[in-house]
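Lettered A, B, C, D, E and F in written order, each chain numbered from 1.
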Amino acid sequence: MKIRVVVPLAHARFNQETAEEFGRWTAPGTEASVVNLDEGPQSIESECEDALVVPDFLRKAKEAEAAGCDAVVCDCFADPGVRAARELVEIPVIGPGEAAMLLAAALGHKFSVVTVLCQVFPLINAVAWRAGVDRKLASIRSVDIPVLELSDKARMISALHSQMVRAIREDHAEVLVLGCTGMMGVAAQLQKTLKSDGFDVPVVDPVAASMKLAETTVALGVRQSRLAYHKPKAYLAARTAA
Amino acid sequence: MKIRVVVPLAHARFNQETAEEFGRWTAPGTEASVVNLDEGPQSIESECEDALVVPDFLRKAKEAEAAGCDAVVCDCFADPGVRAARELVEIPVIGPGEAAMLLAAALGHKFSVVTVLCQVFPLINAVAWRAGVDRKLASIRSVDIPVLELSDKARMISALHSQMVRAIREDHAEVLVLGCTGMMGVAAQLQKTLKSDGFDVPVVDPVAASMKLAETTVALGVRQSRLAYHKPKAYLAARTAA
Amino acid sequence: MKIRVVVPLAHARFNQETAEEFGRWTAPGTEASVVNLDEGPQSIESECEDALVVPDFLRKAKEAEAAGCDAVVCDCFADPGVRAARELVEIPVIGPGEAAMLLAAALGHKFSVVTVLCQVFPLINAVAWRAGVDRKLASIRSVDIPVLELSDKARMISALHSQMVRAIREDHAEVLVLGCTGMMGVAAQLQKTLKSDGFDVPVVDPVAASMKLAETTVALGVRQSRLAYHKPKAYLAARTAA
Amino acid sequence: MKIRVVVPLAHARFNQETAEEFGRWTAPGTEASVVNLDEGPQSIESECEDALVVPDFLRKAKEAEAAGCDAVVCDCFADPGVRAARELVEIPVIGPGEAAMLLAAALGHKFSVVTVLCQVFPLINAVAWRAGVDRKLASIRSVDIPVLELSDKARMISALHSQMVRAIREDHAEVLVLGCTGMMGVAAQLQKTLKSDGFDVPVVDPVAASMKLAETTVALGVRQSRLAYHKPKAYLAARTAA
Amino acid sequence: MKIRVVVPLAHARFNQETAEEFGRWTAPGTEASVVNLDEGPQSIESECEDALVVPDFLRKAKEAEAAGCDAVVCDCFADPGVRAARELVEIPVIGPGEAAMLLAAALGHKFSVVTVLCQVFPLINAVAWRAGVDRKLASIRSVDIPVLELSDKARMISALHSQMVRAIREDHAEVLVLGCTGMMGVAAQLQKTLKSDGFDVPVVDPVAASMKLAETTVALGVRQSRLAYHKPKAYLAARTAA
Amino acid sequence: MKIRVVVPLAHARFNQETAEEFGRWTAPGTEASVVNLDEGPQSIESECEDALVVPDFLRKAKEAEAAGCDAVVCDCFADPGVRAARELVEIPVIGPGEAAMLLAAALGHKFSVVTVLCQVFPLINAVAWRAGVDRKLASIRSVDIPVLELSDKARMISALHSQMVRAIREDHAEVLVLGCTGMMGVAAQLQKTLKSDGFDVPVVDPVAASMKLAETTVALGVRQSRLAYHKPKAYLAARTAA
């Protein structure tokens, strides 16, 4: 099957690492391709930037469908554009935030999300509510590092570890979720470190979770319900007319 | 005080009636001005169209602020762009959906929203959740008339009345909310008809509710909390750089 | 329009300041008059005192209606007698607790109430539940100053500020609500001080919020639903017979 | 032990039957005495009447305590005055509405309350919320018979049976609760009739439930928490001064 | 009436003290008998042990019914086997966890449970949810003492007291619940000590609460609803065939 | 990877079809093996039978772990024994009920479960609560066919289709979930039939969902949190001693 990953940013800086990371999680026979937006934000750390993703993401989702892809993943934990694209295309559209939280819900009674900046807490709260598992969300915590500075992996891991320990101790989290798809390739190490600290808890990587949920929907032949995500008739009519 | 109403559609067809309607509800000393978008959807009946409002609505909100307006109202019950604009400007940004539901919550224990099409139910559910009064939302019902056909007032009123009676009888609604800002000038008549039916219940007009909430925030000197709607730093930096 | 404010206490000590405060918030054309109870408690800091308000408050609400007032406000954050009076009269009956919390819900995702004494926490929790926004209530905090000692404004402001900072830091409040209508004339100053502390958050004054909600209901021609607040038939029959 | 039952009405018409009914449920060694109010409503079918109970009920609760009673029961399903009296006295104060709903919660996942008139639905919803079991409340239904006409037992039983069957079939109730303490002596018969209809479900009598909860609290040596129901200091000071 | 208490452990070590403790709470005319399991766990501190109780507990419940008992109590706070046994027998089956939490709900707005080990928190959360009062559960705390070491009463009381004070101060508990039926005979003393600390709060003993709830159901002639706990037809058929 | 599927019944009648069904959903490289219980119920349609699964299921889970399996699936929608086994083994233990509901939560805002008999509704409600998505559960419906009669596929499909249409129309379900793992091989056909009825909605097969969730956890290297599912120390000590 073919999975199209859209990095919802107007630059290609993360494409290579993103392709490698998604590639790590594919089952045999799954092929992941990565594209970025032509127009959109540099990073997504606000409602403003979240909203600016949508117009071009809709185009990219249509292109993926036209190219025969079986599913689309929007590579951002806030799942920008996911709801709108679900209306537009006939293939599953997957959000890493939703995918990661649903997986976390299967692994314990309470989970915490550790993300980049406190500015995005409201976006993440909304993802938890839409996923339906907000009751299991113990807390959201921030490492206070902007997306574009996550390339300093040592700093990121150290900050994540520190907040994860606090989420366990202070917020009673039983499962940890990385709250940004830019936090690539660090889940396993953090899980190992926490275990050596005496906390035998899973750390969920949203990149991996979204790839597996995409594969699952394709394998099962299911996608978003049309009673939840109706065809946008007026929108489509306007596009056709134009 | 000066209130800027933005009709979040890429045409001026509703401007005149919208200006008259908002004008009916202003307190002495309040001046309402109405503008529409340059770019955006023809109507808002899907997540796709909801999202397409945002880029130009952000510009219009900034223009309103620069023009010395005291508050901005986004003239659509789904409150598109409201969250993003709250980050961007220093003046209150008001959504009619949220304003109408909060007023409805003050008038009874359960309210129903009657809107245009079932496609928008998920958008309205999300508004109720963000307002915080989803527990009081008895039901959402549809008259099954697209926004652009609401000009047939007799048909609209008849369909609204019929669904409102069902909301009261079947869903135990105690308060009714008009679920589209295009349903202009009909609340009072519906309230009167329902009373003559034996249902002495308030009918909340979202246009009126949003104008009064805008006036209230300005009079009290309050606006959206910056801990809920943070300044979009990266967004602003990118705009300045560009 | 004419708004009758009832101070639900059996003394006139607060009438003057109350009249001035409500007067600050009226729109042009609104006239506020203030009366106190003939029988009732000295202050309201318990369920006992809350209940003792009701008999005479009902009389005062009927008098206001007979005198041609357009709405009645019960000047206490616990909204004593408001539900009962809503049954009895045909004009809107407004509670400052409900009005302030609904406004707070429009300004952020989480709000805290700072009130006089911890004894009244259960009363305030019940107001939040009846308003329907209990999910957004981050915490209730107390300055530990009885109502009748609030005249020491410097002490009150200092204690409020201290608890508000803790509500923001420890309880994640984004909006602050003054939890007693005796905390008059201090919201703006607290908002300013908090901003200079780095917390750009709104502080909601329940006196102001209730006046604006009263004006809003009158302007829109709505009042409490008769399906939520039924006419008290047996009560009225007994009164007529007596 | 001595249990004082206060009929919260300003007449003695129900005292005899009430004494007999409470007497049916006492354990050996328990003595129940019944008094009515000197001042108060004729029946309780509204928020107005609910509130008018409180002043004299507080006196009756104090008298019971002074007379050495071990607990007080307020003989009305809406539990009027119960919260206020809990502040005032050192002995348990029991409400039949709360007692019946907590017992119902132990017998199944969902219960329905069948009461006299729809006017009291908001009062009963508030009792369910205060008890904490509102999530288990499937529905409230009404027989549409005023309290003072419940003496026609055949009519009452027939109407109760009919609504109970609908609560089971339409609202998925598994347990039924009689929603008025004036519905005396009919629970067992209704339970039997429902069983012969094929519905093997318990019917909870609030009179019986409140007597047993009163005995339970006395036997265990527990009463309302002072952190939930604080001593009303100002109230007591005012009473002492007067 | 005859109440059968089943200690759900495969040893008789607690039978004597259990019989004495349940005997302390019986009303005149109630006779309590205590048996233990033939097969089952030594103590219940995990989901594994909880589940191992069921097969033999079902037999013991059937035996109690056959012996003419009026109700069965499963003497463990996690209420193991209670749901299954409710299907099987025609007499009430009572769980101390559910009984204690429902009583606690009647005494305040928030309660905390203090139990043996943090391993059982998920079991207790599930009991609270099934009882329907999870919204009132402020916290669960642990004394970190295994069941089989509770015989050191001084250590247990000291640890309970310490956690109860923290539950009041940090978690806003208003009512305390002993979270293990092995914590016998200490509730009154803890309540007294807390009062001398300035915390006038009830401490609920699950042994006492379950005995009184058993008596209440028998006295009222009610038991678990068959619409909540259906007869296990296939199970019974298999047993009869075998 | 190796996935062990345990049919939690004391007979091998379903093993063959179960192996084929699970085999349909495996990714390349996944090997599924199926075993049944030595001791346990014939079918699971009650709390009694649910509980009787556990002792031998724990043994089978340990055996799977010892045999080098990477995950265990308990092949019953009520997820019997899953919580206990999660404590016991170091590999993921997956329940089809939880897996199916979490997947359904990703596909729409509301889902309904259609199961065999109404007796199991409480078991399914508990699964939804443990998964954390109970808020999205629109309804549970029954085809009124015992598990052991599901072999009549035509009858089953017809009854499922009829209830699914009602779930959509009456309960506002947007996603359908097959509520019994014995409903094998029918999801795709039902989805197709519903689409031809005009309902373009996904139908989730719990067998498929659990296989994919098992693969996902193994691929990601995560399993149940030890802070949610603690090691059962006393249980293990007792087993080792014996």
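As a convention for this text, a residue touches a chain if its C-beta (ideal position, glycine included) is under 8 Å from a C-beta of that chain, and two chains touch if they have at least 3 such contacts.
Every value quoted in this text rests on a predicted model; they were computed, and no experiment measured them.
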| note | When each step joins two chains that touch, the fewest steps from subunit B to subunit D total 2
| field | Longest centre-to-centre distance from subunit F, chain (CA-based) | value | C
| message | Report the chain whose CA-based centre is farthest from the CA-based centre of subunit D. | response | A
| At what distance in angstrom does the C-alpha mean of subunit E lie from that of subunit D? | 26
| Cα-centroid distance, subunit C relative to subunit F, in whole angstrom | 52
| task | Report the inter-chain centroid distance for subunit C and subunit E in whole angstrom, where each centroid is the mean of the CA atoms. | result | 44
| query | Which residues belonging to subunit B are in contact with no fewer than two other chains? | reply | 109, 122, 130, 228-229
| message | So with touch defined the way it is at the top, what topology do the chains form here? Options are line, ring, star, complete, other. | response | ring
| message | Which stretch or stretches of subunit B touch subunit C in the complex? | response | 25, 27-29, 94, 98-99, 102-103, 105-110, 130-133, 135-136, 168, 173-175, 187-188, 191, 199-205, 208-209, 212-213, 215-217, 219-229
| task | In the complex, go through subunit B and note every residue touching subunit A. | result | 41-43, 45-52, 54-55, 58, 81, 83-84, 86-88, 118-119, 122, 126, 129-130, 146, 148, 228-230, 232-235, 238
